[in-house]
């Protein structure tokens, strides 16, 4: 057991990661490590490779080169424990529209082998303030409610690592507020990688930032950064596309 | 005075198909063998004594074509397994080339089969197990190309094509077996225990034709692969220019 | 663990279907419509005996009806990125295959429970009842083959352009052997002319067919389901 409790092993270690679709290279030589409890934000314009990086770490894509290890497990040799360690939140909710919140969470609880699913689901629905809509079909939810349920879904199996792919996109201000509140609440207990092009939300919780452009790392910094300082750095490295 | 630069320019403008000389030699040998097979078949081997009569001569073409078609699908099958195992693009190219030739030879099987059927039984088309199997194989391997056309991403296209080539190859003998459930066919058994007593001269003609047809397949396969390699190079150049 | 995941996936697909009824109702209507169309297409002046055609008609109807359902195998996984959600789970890819195949099998079986008596009423009154065990064995084995092959191909088709068009093109030529065996077996059962030996031969053939495609799916599903 390399994983649990070993603080010397970084929670996420990415080395020389590359991805090509046929001859189209979308990611090249990306390396970073995130320690336990760390929060890395990936910035970059559309098509920079942020989502690809997250999908590679999440085992949704196979790397063309390089290696990924999560919670001490190598992604190639041990994909199952990696999948168990990861919670994924994207701008898609990953929820079945024709099922109720209860049914959706019950399904994922079974898929992840969650013990005592009834209690755990009740707890999480309470936390994302959806208990009253528990037996409603998800297609009747607003975008903000859907995203809250998506967070509950991602946290269901108590993952150690959370991957967030543009979690704020398409949310109304109120939903953003709730999302940020939740993220702040669970910040201490998890390790995060978030992809975004929103400056304020990206820097709020991060203790580590990286800028990708055209599939390469153009800037990397460990430690907190002030917003105006970072904005200057960003525009120095990325010509196209603006920060929000 | 301009000859040096013109030569250089034409060398760039007309890149040679790799291994063209060897391919040409193989194709020439195939032509010689096929011709020899026909000569032996028509002038030396005796005319069939059973009801088939002279029409039996097409056997020297029909059967080798059929076996070559199966060989082509076999090559595609092996290439598919290799691709799934190793993931190298050249196995994908080999698979495409082999399936393309397999389709071509299958079509020829049906054309010669139709001609023979007309001469031997007086019908253009009989739903006979072997012929039917080749018809279904044609549909199956045509679907291979439809599948390829429907997948955008190159590595995914190659993967699915390989998967399909494996499934299709396994399906061919199953299909042949299933067609036997249908009412009995008309196909003559020329080789084999119940055959019409084949003369050794028939066998020689058949073997020469068989060798010729196999050589033809190998030559065409090499040609296809050479062309495919050039296409690949062209795509690469286009891609780099397009960036 | 694997069993719990399998049950969860099958239950999810069935609950969804019971709630929306989008696939099964369409399949059933198609199957009944096809029977009516066949009746008029095959009735010759003077009224010939259709009973020799019944086996073929029945299985053509079922294969095409099944195709409608197979095309929808992954349709609902596509919206809201649910397919990603499925792949993120620590689940064996083969378990996903088995669950999807089971759901397809259940839908096809559901159609047949209604369609077969209807078919007997329309075309072969009474004759089905006398050879029920042999007929049921043919149905079960043929359904298994359709679901195994169909689920594998639907998985591949999911990632292609115009997948609803592609699936029949790749599925039908591969399913022809099954169609031949099931149709001729059913005709033999219904006409009562063939001895039980020929039916047993077809059952054995279907068993081999199912086995081959289950093994192929087992061996390739990891690759088929994609990155």
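The letters A, B and C name the chains in turn, as written, and every chain counts its residues from 1.
Definition applied: contacts are C-beta pairs under 8 Å (C-beta built on N, C-alpha and C of every residue); 3 or more make two chains touch, one makes a residue touch a chain.
Keep in mind that this is a model prediction, so the values were computed, not measured.
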| item | value |
| --- | --- |
| Chain pair with more C-beta contacts, B-C versus A-B | B-C |
| Identity of the most central chain, Cα criterion | C |
| Geometric centre distance via CA averages, chain C-chain A, whole Å | 40 |
| Geometric centre distance via CA averages, chain B-chain A, whole Å | 51 |
| Length of the line joining the C-alpha centres of chain B and chain C, rounded to whole Å | 33 |
| Residue numbers of chain A (touch at least two other chains) | none |
| Junction residues of chain B, two or more chains touched | none |
| Where chain C touches two or more other chains at once, by residue number | none |
| Chain A to chain B touching residues, read off their complex | 21-23 |
| Complex contacts: residues of chain B adjacent to chain C | 84, 136, 139-140, 143, 146-147, 150-152, 156, 159-160, 163-164, 166-168, 170-171, 174-175, 177-179, 181-182 |
| Touching residues on chain A, where the partner in the complex is chain C | 58-62, 80-81, 83-84, 86, 88, 90, 92-99, 103, 106-108, 110-113, 137, 153 |
| Chain C - residues contacting chain B, complex | 152, 156, 159-163, 166, 169-170, 172-174, 176-178, 180-181, 184, 201-202, 205, 208-209, 212-213, 216, 220, 223-224, 226 |
| Residues of chain C touching chain A in the complex | 1, 4-5, 7-9, 11-12, 15-16, 19-20, 76, 79-82, 84-91, 227 |
